[in-house]
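Below you'll find the structure I mean.
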Amino acid sequence: MLKTTKQSKPSSWKNNLHEIIYEADTRAGKFFDVILLIAILASVLLVMLESVDSFDKKYHSFLNFSEWIITILFSLEYIARIISIKKPLKYIFSFYGIVDLLSTLPKYLSLFFIGSHHLAALRALRLLRIFRVLKLARYVGASNNLMTALKASKAKISVFLFFVFILCIILGTVMYMVEGEENGFTSIPRSVYWAIVTLTTVGYGDIAPHTPLGQFIASIIMILGYGIIAIPTGIVTSEMSKSKLSAIDTNTQSCKYCSAENHKDNSLYCYNCGNKL
Amino acid sequence: MLKTTKQSKPSSWKNNLHEIIYEADTRAGKFFDVILLIAILASVLLVMLESVDSFDKKYHSFLNFSEWIITILFSLEYIARIISIKKPLKYIFSFYGIVDLLSTLPKYLSLFFIGSHHLAALRALRLLRIFRVLKLARYVGASNNLMTALKASKAKISVFLFFVFILCIILGTVMYMVEGEENGFTSIPRSVYWAIVTLTTVGYGDIAPHTPLGQFIASIIMILGYGIIAIPTGIVTSEMSKSKLSAIDTNTQSCKYCSAENHKDNSLYCYNCGNKL
Amino acid sequence: MLKTTKQSKPSSWKNNLHEIIYEADTRAGKFFDVILLIAILASVLLVMLESVDSFDKKYHSFLNFSEWIITILFSLEYIARIISIKKPLKYIFSFYGIVDLLSTLPKYLSLFFIGSHHLAALRALRLLRIFRVLKLARYVGASNNLMTALKASKAKISVFLFFVFILCIILGTVMYMVEGEENGFTSIPRSVYWAIVTLTTVGYGDIAPHTPLGQFIASIIMILGYGIIAIPTGIVTSEMSKSKLSAIDTNTQSCKYCSAENHKDNSLYCYNCGNKL
Amino acid sequence: MLKTTKQSKPSSWKNNLHEIIYEADTRAGKFFDVILLIAILASVLLVMLESVDSFDKKYHSFLNFSEWIITILFSLEYIARIISIKKPLKYIFSFYGIVDLLSTLPKYLSLFFIGSHHLAALRALRLLRIFRVLKLARYVGASNNLMTALKASKAKISVFLFFVFILCIILGTVMYMVEGEENGFTSIPRSVYWAIVTLTTVGYGDIAPHTPLGQFIASIIMILGYGIIAIPTGIVTSEMSKSKLSAIDTNTQSCKYCSAENHKDNSLYCYNCGNKL
């Protein structure tokens, strides 16, 4: 069987497997990806329902059984991914490789450590594949665009968050001294926690100032926080205005050799390792 | 009776009705629309007051009676709208057509299902007609302008909200494992709910972390949320800066044949079906 | 006595009074304004302290006495302002004229209506004069600039807030039906209030959803609110980026005839009524 | 010993000390700065842990002892900084000079005033040195850039916050009259505090309106606050879009004579006092 449409290399079952698992251009590949996404969604729901006591009591054995089936399927998929790729190590240590592993491990670990199966919720990260699968050019473009703007503003945002953190330590300490333990500010770390809750305008209300001076200082912190929130917004916005929506690649192929993605639409060779796609 | 001012077609009571109901250019049309808006406002208030126990006990029969009168008036208006238009199906399945139907149905349904009459609050959506009625060019323009910017940033906002949702699932699971059931984090779905409440800086305080580690993670989530809120703002702003306030149409006519709206100010034929306006 | 420095009109005590009260260019005018601001600040503090029970009990007669003195002084100032201006009616019905009147009335009214003296806190609005007095060109310019941007985006912001309000009515009704009275959602108006508290990310926590479905809907509202908050910001920002910081006038004179303000720096005649300044 | 690499002045132990303490270009200087940062971090953690009752009870003597050691080390460092600089007064009254002093004083004061040692948390401000030490050009640039934009928008932000404050006084007074003492609005200052909590969307929930009219007014305040938050963001963003990322200096040297920092990368003389670096 010789397949020359897209690959000039002699086609083998490994190549076919690679095309099905890693790409969404062929019919089989797309079908596989959609099934996979449904399985991921189902498994995330399973983990969530398992944690609800009333549900778990009624359907414990069913939930446990389904969970085992999904875990085994995911394990098989993980092995298939390693086999079908030319450079398995690159996949294993890539973001998706680690996430795929973390999606199967917790259930096995739960045999030894009680409670560790909750970590299976990390599978939710696998849902990020949805953008690739749906071939939503706009979405992939939008996401790349977002990333570029965020990367460009990383330095400024870091400086900003560092300032905010130092500010919260100092404000928390001041409030600890003003309000004292009898008003819920039982320690400096707890007061710093309160300062963060207030400055970010979350405002749980589990700790709140009671003395007039404390409320006065809190008011200043809030108005400060109201002004401060403008800063990250200003950073991201000005960065985003700069970034241009340049050519967006909708190619969902990934290299068999180095598993690099985001190839140009009509590229024949991998931009990363030079091998044929 | 021949009317050649705006329409060359032989004028009939259907045409007159169409002009009164669907347009706000003539005196009668404007009068009808203003009366309609007042009736909508009154009916929304009625539904709200009906739900207040102390009010309902005192004036139950009055509220019920008024509600029936308004429902019947709205039903008649709905029938008139269907009769006077050339292509009734197009209206029936349009946004306003569905809203108009939903404004009358709940009261009839309340004869069979108790409580369903509260759905009549959906009438509030009919209030959106206000911009058309008041012929506020600026407002119509502003609203179109807003829509253009929002549509352009839809892809990016979707990617963003999807990320936020996955983030909340993972953070919620982590907090469920850290805080546990004794601190109110009774299940993963509930913890995810808490994560959303925190990340969006709503912060009810009905669930709040109690352990030092939980408060530490919560602090990180809050500061994260503080930074994350900058992203949708950046997206919308950069999109809005791009969009230009082009020609704004203040024409409130709508086509008799296809009920298309937003015609150019001095257009004689429908841009959609080519018939005379 | 002839004064030709700034005014060619025969100078009189009225002219002098006008210059002292309405302008901050001369020494006497500046002195008057600073004294006035201190008096306003003191009176606002008085009203606030009067409402604190523990304070009022101790110093009731002192607070009451001071309040009367300040009220009488403000009344005299109000009369002086009316006398010294050429067109008193224009001043009386201007924003500052109404505020000045409202600063004195409550105390007199308190002789007849108990509690009305709290309205004296409206005096705080008089503090807005501070920008004029301090001749802070930058601040006046900044404030004009802000106003221009806000006026330009008024139409869009109105449309936006109207949408938000309709949205809250519908979401409130849905939550009223989902959660019901046993969970604190006792009526539709109260549920609408909750929807506003949630959508604006205030989140008091006095009303919070308890059923899983309610929490699910609430989560969607919050994420929606997180995205929606980007809209007004986007509007104001794009408007503000457009507006240019053109010439800023630091002239604090105001016309004797029509009390128009914001004259160009070296203007000799009122831009509004054509009379000499 | 003559050192001509960077300074033509006869090298002395003072010069060496200056280079180690104030600069991060040499190996010794960098080493010193890293050790210092670790010490600062440790000391901030110490102060925080000391305030936690359960910790303090167990390890009181250890915490106290460590605190004394760090205080003495910081004191020695402070003295070394004064000795090694040519114009000590300039350092003493600089921002970092005051922070450095405040980092040591509280522990000494705690001998006389109980509780004052908590002020040692002000040491957190010393952590701001981290940007200089790590020679993170991007971060220093980002921070300068941020500062420029913030300074440019200072006037507008001040006007805005002043408006917000006056608004809160008036809204607080209205709510005090509407809700009254029985609903938690016990005084005008407390109601103003509530208005600030609400307008800034913090929303603790410790005070919340109970009457329908109060909830209606609160709803308006919240929607207002939702719109108002757009203003500072708009200001900072438009300012930030204007500011250009001009040349960023990564030089960490500081002048021996006037302790000016931020020298151009290849500058040989201090831009401030003209002396050799």
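General observations
As written, the chain order gives the labels A, B, C and D, with residue 1 at the start of each chain.
In the analysis below, a contact is a pair of C-beta atoms (placed from the backbone, for glycine too) under 8 Å apart; a residue touches a chain by one contact, two chains touch by 3 or more.
Because the structure is a prediction, the values reported are computed rather than measured.
Two copies of one chain, chain C and chain D, touch each other, and the residues they use overlap weakly: the shared fraction of interface numbers falls below half. The pair from C-D, A-C or B-D that reproduces the interface of B-C, where over half of the contact pairs by residue number are the same, turns out to be C-D.
Taking each chain's centre as the average of its CA atoms, chain B and chain D sit 46 Å apart.
Centre-to-centre, using mean CA coordinates, chain A is 32 Å away from chain D. The residues of chain C that reach two or more other chains are 160, 189, 192, 201-205, 229, 233, 235, 237, 241, listed in rising order.
Contact residues of chain A toward chain D in the complex are 155-156, 158-160, 162-163, 166, 169-170, 172-173, 176-177, 186-189, 192, 198, 201-205, 208, 212, 215-216, 218-219, 222-223, 225-227, 229-231, 233-235, 237-238, 241.
For chain C in complex with chain A, the residues that touch the partner chain are 201-205, 233, 237.
Residues 44, 47-53, 115, 118-119, 121-122, 124-125, 127-128, 130-131, 136, 138-139, 141-143, 145-146, 149-150, 157, 160-161, 164-165, 189-190, 192-193, 196-197, 199-206, 229, 232-233, 235-237, 239-241 of chain C touch chain D in their complex.
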